[in-house]
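Written out below as structure tokens is the structure these notes cover.
Labels run A, B, C and D following the written order; every chain starts at residue 1.
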Amino acid sequence: MYQALKERVLAANLKLPDYGLVTFTWGNVSEIDRERSVIAIKPSGVEYDVMTVNDIVVLDLNGNIIEGTLNPSSDTPTHLELYRAFPQLGGIVHTHSHFATVWAQAESDIPALGTTHADYFYGDIPCTRLLSKQEIAEQYEKNTGAVIIEEFQRRDLDPLAVPSVVVAGHGPFSWGKNGIDAVHNAVVLEEVASMAIATRTINSGVHIQRELSDKHYLRKHGANAYYGQR
Amino acid sequence: MYQALKERVLAANLKLPDYGLVTFTWGNVSEIDRERSVIAIKPSGVEYDVMTVNDIVVLDLNGNIIEGTLNPSSDTPTHLELYRAFPQLGGIVHTHSHFATVWAQAESDIPALGTTHADYFYGDIPCTRLLSKQEIAEQYEKNTGAVIIEEFQRRDLDPLAVPSVVVAGHGPFSWGKNGIDAVHNAVVLEEVASMAIATRTINSGVHIQRELSDKHYLRKHGANAYYGQR
Amino acid sequence: MYQALKERVLAANLKLPDYGLVTFTWGNVSEIDRERSVIAIKPSGVEYDVMTVNDIVVLDLNGNIIEGTLNPSSDTPTHLELYRAFPQLGGIVHTHSHFATVWAQAESDIPALGTTHADYFYGDIPCTRLLSKQEIAEQYEKNTGAVIIEEFQRRDLDPLAVPSVVVAGHGPFSWGKNGIDAVHNAVVLEEVASMAIATRTINSGVHIQRELSDKHYLRKHGANAYYGQR
Amino acid sequence: MYQALKERVLAANLKLPDYGLVTFTWGNVSEIDRERSVIAIKPSGVEYDVMTVNDIVVLDLNGNIIEGTLNPSSDTPTHLELYRAFPQLGGIVHTHSHFATVWAQAESDIPALGTTHADYFYGDIPCTRLLSKQEIAEQYEKNTGAVIIEEFQRRDLDPLAVPSVVVAGHGPFSWGKNGIDAVHNAVVLEEVASMAIATRTINSGVHIQRELSDKHYLRKHGANAYYGQR
């Protein structure tokens, strides 16, 4: 019944090792079917090279399993929280990809330093605040979603214009129109995270010009975009 | 009519992923036919693994499409500006290759620190000035070419003796006798950019001796060159 | 007689080049059969691509060769010292893997900076003290084991909760329930060692919250663990 | 007549791209036949993937071509100078391998920071002094050999106990009992050069204990060596 959704989610998950974004099982992709109000997500702790479409777990938006015999990713409550808060999202990916995780561990925003960043992210990529002891002790994964949402609301950010975040002390989440698009953004995030570290090593105070950032974002994503084949 | 030119341009573009210089579609190579006053260039936003010779776009030097049904790279006006200003150039490549882009983001010249650099580049690789708000707002891509030309003229540099530049906040352009030669120089640029970052980490003030730089450049490119099979 | 043990040890050793943890022959995995009081270990200085099951050496816990015609790894006395002191260990791996060795050379603990670390290691990964001249001169390899044991006892650490160490000036040892599990932990060690270097470059004073570290370790390894398929 | 020598030299040269030590044609291996007083070396500027045994050039110790139709590597006079000064050497390799070249560009010795280094190099790997203007202007490649020899004599080093050097502003040379052994040492050099950069980033003042360095070097290379199968 959810065969096509599950196949897309499997394919998106298998892109993670292809792009070098995961070690062992450290990542998961989900996709939402907004019409039927269900998500499909990777099972918890299953290796990518043995995963099949039947291992993908389908849940309703309250986290009840609709289809599948395995436990869903332990990060499922974070995905659900984000889908409920941001109706624009069609797919979400969480990894511990190397350089994005470094920024998360440094508890720092990833600064916008060049047009590679600006082509995909409209401004700095936010780092969340730390969770409180209480937020860690109870409903930790749900609260991880809540601090992401809080950060985007506090900064008044459109999640599709800044399609990634780093959770302080933890790692990145990316999203997009669907699962594959979310993974695409996770690849870009990793590359800009890596370049930002090296850039700040050479020139600690640099930041992209606001006008150049606007130009690159808008020539690709704005109303009068002229990048690509349209 | 432009079949051979288009095939050379396709081949040069396909070298970019082979050499690890591009993520997704972030790069483009062009080549000029000076006799017929046309250039051929990669189409905008097309993936390398599905690109065919028929996707390559042929334009005149005013940017009018002569052959091809796709939009040319959005960086085409930069390429055209460089071909018009520098009659020595036969091919141009633009990428967001990792370490060269780091120097662009740092808004810094890539200093000549060793003979690997000197074998290909006669002195530091310049970083352009930032574009003004006005230059970004109108004819941005053409003005990107213009600041490159301005930088080479201000420093009185021969573009074939320093066959690369980094555009501040953006990324590198390289060039050469033809498209493949431009890509070759882009590979060298990336390697020297990477080594320069690590070198400055160990020894922040170091720079190559002028005599050693001259020796290496001239034994390979000078009138009495003796490197290789001649 | 020890065929199954030797095959497991061969397979675990061959994982080392697969995971990029070794250059040439710089690594070794052993596994213990507690019932029969024997260990099996890689022979000294033999290349991975020519190693066969018959090359694996079986020894008793006093280091006497029971089976095999080659010299065992020169690090065998370190493995034996650890197996005797820590009855929880089923497998041990020693490598000179790049980033873990960097921390060993820096004579520094690998600080716990994020949940990637906390998912596998309960707190910082210790660096041993330097060996004395005397400890280096006599029974060096046995004393390498002794300083590891001393460090875990001094800090009151459970070796299965912190399944790695870096030996000052030398490199890492990891362990686990068996040889393959030890190699798995060595892969994680290398990844967290690498991320820790880059993290400290951006933010020199950062450390993971204690509560977040506990949460991640315990949701995976605690009595009420809910990560994976249980 | 020199077929076996040329085949060994070809094989050793082809190891350079396999080990990731070269970009394009930036490296060369030679081997000497002491009985017949000839060396064989890579031709200048020839790509590795088209090189055949007939391209290898055989020369006498004065640099006269004995066999072969191509120009020998432009670094041939450096190789010859080293073979004449150090009768222990059987093979020599020159590359611009990434991290060793970084130390050359930094004009700094590669400090001995751990046992990986000590297993192969008895103490720091020296960096030569800069060449004078005069030494660069005339017989540059021969003088490159001369400053290497000067450095080893000044420090009273045995070239087989410290089988590599970095030439200031240029890059590394390694050597060994034959061509393949020289390449082996070049791989180790690259790895220890890389680890030393990261180590000094974490702990700027660290150096290996003298006793630990001695122990590791001597257990592998000393009169009573017990590493490997002997």
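Convention: a contact is a pair of C-beta atoms (placed from the backbone, for glycine too) under 8 Å apart; a residue touches a chain by one contact, two chains touch by 3 or more.
Note that the structure is predicted; figures quoted are calculated from it, not measured.
The minimal number of chain-to-chain contact steps leading from chain A to chain C is 1.
Looking at chain A and chain D, the chains that touch each of them are B, C.
Different-residue interface: chain A and chain B share under half of the residue numbers found at their contact. Relative orientation of chain B and chain D, expressed as the C-alpha superposition rotation angle, is 90° to the nearest 5. Of all chains, the one whose mean C-alpha position sits at the greatest distance from that of chain C is B. If you average the Cα atoms of chain C and of chain D, the two centres end up 33 Å apart.
Centroid to centroid, with C-alpha atoms defining each point, chain B and chain C lie 47 Å apart.
Residue numbers of chain A whose C-beta contacts span two or more other chains: 201. Interchain contacts close the chains into one ring where each touches exactly two others, per the touch definition above. All chain pairs in contact, by the document's touch criterion: A-B, A-C, B-D, C-D.
By the touch criterion stated above, chain B contacts chain A in their complex at residues 23-24, 26, 43-46, 70-71, 74, 96, 98-99, 101-108, 130-131, 133, 136-137, 140, 169-171, 197, 200-201.
Chain B meets chain D in the complex at residues 113-116, 184, 187-188, 191, 194-196, 198-199, 201-203, 206, 208-209, 211-212, 215, 219, 226-230.
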